[in-house]
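Note that the chains are named A, B and C in the order they appear, and that numbering of residues resets to 1 at the start of each chain.
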Amino acid sequence: MKRSIPLAAIATAGIAALALTGCTSGTTDDGTVTITYTNFISNGGNEANLETIVAAFEAENPGITVDVTTLPYGDYGTALQTDLAAGTVSDVFDIEYANYLTYQANGVLAPLTVTDPAAYRPSLLEAYSTDGVQYALPSSFSTVVLFYNSDLFAAAGLETPTSDWTWADEEAAGLALTDQAAGVWGDHQPVSFYEFYKVLAQNGGEFLNSDGTAVAFNTPEGIEAAQWLVGKSGTTMPTIEQGQGTPDFDTNLFLDGKLAMLHTGIWMFGAFADVPFGWDIAVEPGNTNQASAVFSNAVGVSATSKHIEAATKWAEFLTSSTTMVDVRLQAGWELPPVSDESALAAYLELGDPANRQAVFDSLDQVALPPVVAVGQAEMQDIMTEELVEAQAGRKTVEQALADAETRINAVIGG
Amino acid sequence: MAERLPAMRRIANPSTRPGMVVLFVVMALGALAMLFPFIWTVVTSITPGAGLSFAPSLIVEDPSLEAYRTLFTERPFARIIGNSLLLATITTAIQLFTSATAAYAFSRLAFRGRTVVFAVYLSTMMIPLQVLIVPLFAQLKAFGLVNTYLGALLPTFASAFGIFLLREAVNQVPRELDEAATLDGAGHLRIFWTVILPNIRPALATLTVFAFMGSWNSFLWPLVVLRAPEMQTLPVALAGLQGQYTTAWDVVMAGSVVSILPMLAIYLFAQRYIVQGVASSGIK
Amino acid sequence: MSGIAVGGRPTRIRSTAAAPRPAARRRARRDAIAAALFLLPSALPIVMFVLVPMLSAAWISLTSWNLISPATFVGFENYATLLTDPRTGEVFLHTLAYIVGYLPLVYVGGLAIALALNSALAGRTLLRGIYFLPVVTSWIAVALVWRWLLNPSNGVVNAALAAVGIAGPGWWTDPAWAMPSVIIASVWKDLGFVMVILLAGLQAIPSDLYDAARVDGAGWWQRLRHVTMPMLSPSTFFVVVISLINGFQVFDQVYAMTGGGPNGASTVVVQQIYDLTFRYGAAGEASALSWMLFIVILAVTVIQIRGQRRWVNYG
């Protein structure tokens, strides 16, 4: 078959030409050090912003070059763990708070000596230190707040949410603003692990016991908190059958002007910038306490890196330099984890929402995700599954929490 | 002289015209069902700032190619598409070669343990890649081929699927043709080249399509082995459009549309060979 | 061993009396050398990049490993854990449910389309392209579209059902209907694949067979049963074997459409393998599970290969 020959020839020639080797970390003859950095934080639109930060770092540190690899967020864990298993992990790499403890406990993070700890927000810095040793540096954070459609509130003659609100206020407003016939809903809050540990804290409960070996949420406070979440389905927000829980469902409802209150993260500011109605934010109401969810990403240095010093310098620059702060603020690329409030002043002037101060206020009382060294992902999956069973009406809230307790204890115990 | 056209054509005589019309209508409706999701993908890709609306409409108010522009400016998509094209082409060419030779061996050459070897070949399809990926990656790292095109290509050089497909096709080539060639003094290589290959053209074309498609849509292996931004392949780059918190769905859909086009081109090109079969497939 | 023909055709029994033994031996040896040469191009990659990792995976299945720390040897503990965990049975059951629903539909549908597009239908070249289109699309976009189509409250499918007075089910939000939703989307996507394979097979059927049948008075259905299907059996065999091998390892579409839910109601074996490896830090258990799956698939395939001599016909 004449066709096969040319193809085979091309292929052979192609292979011969393609024995390129990839970039490796190393020290070249002229003494420059190349460090590798694998990240997910810049994907989805911020690649150029990251490049700006890298360029600034390289300008300030002529002997160091940073090789950046950007991976999709969803599959980052797969690639990172494959690297760790095979020994090809980068010098510096991103981690999420939820996985921090697992990586630290397995010794893959190098202990870091931070030149300027005061530059970081204390609570964020502490989150990544264990037994007094710093293992990672926070690179950004986002908080979850209550968004509201001020036009809908005005039309109904209701007061808009303030920082004094409690669950009771939120519930009353949500019910008053729901008009199912018109397709307008009062209050949307996802039913998932990520919401549960927060509302649990808002109700004075704890997710894990003090040494993290068993759960502590199967209490009256826990049941009340779970009921708070589950009860919204069908009353102030649509049910699962009506689409609740599908990707972007809640934000689309809000964008269409059909949702009065929405619990979501500050990363949505950009998406809501052009809506035709008035909107603003408030700190999430609590019940007995206030507690807001904070998500943060961090960078760690590999324990097996051959250039720990250079890598640490890059990690610090990426997480606390003024260049980084400026880039992030201008691009609306999450919030830098710095302690200097004046540096963040520009953030407050960036436009809608007017009450950006609420973002910083919400940091006063924080609910960090519960983390364990073994079984983190399973714990999260199980919790969400059980809550959704309750939401769908296939179990009672009490039964769901009891089952979650049994199942989770089995995977995290010791 | 037997009619060249497939026998089913005989349905198309005047007395069954209505039958053909009904058939056409049914098939056309089916085609619409096949097309519909694709149409929706295109519509979403030209809807600026599209979220995943719960009740999307097919009528776009402000169609714009912004998503496509973003696609090619945010990441080096032209280069990325080039990577995918390169890898897919090489994979396909090599797979055609390795599959055809193996198919010939399994069909025409009797040797001890042929069944066992074939079973072993088939069994390589029975383990999911998710489980092989860590050892495979470690192996390629040992060879120093991480983040290279060769590293991405090597595991794709043989495909049990392709071997199986071609073996079935070679089995259907009548042995009388082999014998005739042998009488003319041909050895195995010449039989392979002049008798077998020309007679399995449809299967070769089919394999071309599937091998190309397999490489084009391959995600997990390129994700793990090709890291540098300029070396990534299309599916990995498209996954990168989905951020940690938010996703620009119009851009994702634009990427999907772009990734379908070369595949479709290959299929339409290969289709002629797949269908052409009758004349060359050993009519008795 | 070589007497058993994998191809379904009896290997040529060399005539014993007439042919001189040395010549037969020479020929056999030449064949064996030729076989080695012809197998080499495929054997090298397969051995190095599939069989060797498979052996590593077998070794890993005897360890407890979270990927980021060194593995510890635990013998057959992973297998024991899996065999006593009800979740294992569940994921196999879900996978089986997928196969049982998917295979008949995709084969019959693909056959019907192939038959139709093998006739003198107007526009058949274009139609062949359209029916193949879903095969080349990726599951990201397709899954989203099907989730929307099968939306319980205002998706197109339920709206159509409501128009004829049927209350549509919860589809992918309902544990009982989650897998059927995936099956429907998968059948839609793979019809083109089956069509292409069967079309190639149909093209190869000599028309004089149909002529002969017609002369004997056979109608359309009889021609299908007695000429088409037997002549198509090699292609059918191929489609069934491949569909089963792939069906047991189904993952992408299930994950994209339901994420394995709701509440794990549609989690299949490969998703469990993936979760165990990359999310639950149990790569050893994942390997063990994949070897269990392997044995199942191998058994099913061997049964088919053995059975092929009865019904597959390489005329």
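One rule holds for everything that comes next: contacts are C-beta pairs under 8 Å (C-beta built on N, C-alpha and C of every residue); 3 or more make two chains touch, one makes a residue touch a chain.
What you see is a predicted model, and the numbers here were worked out from it, not measured in a lab.
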Which contact partners do subunit B and subunit C have in common? A
Set A-C beside A-B; more C-beta pairs touch across A-B
Distance between chain centroids, defined by C-alpha means - subunit B, subunit C (Å): 15
Per the centroid of Cα atoms for each chain, what is the distance between subunit A and subunit C, given in Å? 39
Distance-wise, how many Å sit between the C-alpha centres of subunit A and subunit B, to the nearest whole number? 38
Among subunit A residues, those touching two or more other chains are 78, 82, 85, 243, 246
Specify, in ascending order, the residues of subunit C that touch 2 or more different other chains. 67, 151, 278, 283
Can you list every residue of subunit B that touches 2 or more other chains, as numbers and ranges? 52, 54, 97, 134, 138, 239
Report the residues of subunit A in contact with subunit C in the complex, numbered from low to high. 77-78, 81-82, 84-85, 102-103, 106-108, 240-243, 245-246, 374-375, 377-378, 381, 385, 388-389, 392, 394, 411
Mind pulling up the subunit B residues that touch subunit A in the complex? 51-54, 74-75, 86, 89-90, 92-94, 96-97, 100, 133-134, 137-138, 141, 144-150, 153, 193, 197-198, 201, 204, 220, 223-224, 227-229, 231, 236, 239-249
Interface residues, subunit C side, partner subunit A - complex: 65-69, 147, 151-153, 170, 173, 175, 261-264, 275, 278-281, 283
Hey, which residues of subunit B end up touching subunit C in the complex? 2-3, 5-12, 20, 23-24, 26-28, 30-31, 33-38, 40-41, 52, 54-56, 97-99, 101-102, 104-107, 109-128, 130-132, 134-136, 138-139, 154-158, 160-161, 163-165, 167-168, 171-172, 175, 187-188, 192, 202-203, 206, 209, 213, 217, 235, 238-239, 252-253, 256, 259-260, 263-264, 267-268, 271, 274-278, 281, 283-284
With touch defined as at the start, can you tell me which subunit C residues reach subunit B in the complex? 1-2, 4, 6-9, 11-12, 28, 30-32, 34-35, 38-46, 48-54, 56-57, 60, 67, 113, 115-123, 125, 127-138, 140-142, 144-146, 148-149, 151, 154, 188, 191-192, 196-197, 199-200, 202-211, 214, 234-235, 237-238, 241-242, 245, 248-249, 251, 270, 273-274, 277-278, 283, 286-287, 290-291, 293-294, 297-298, 301-302, 305, 314
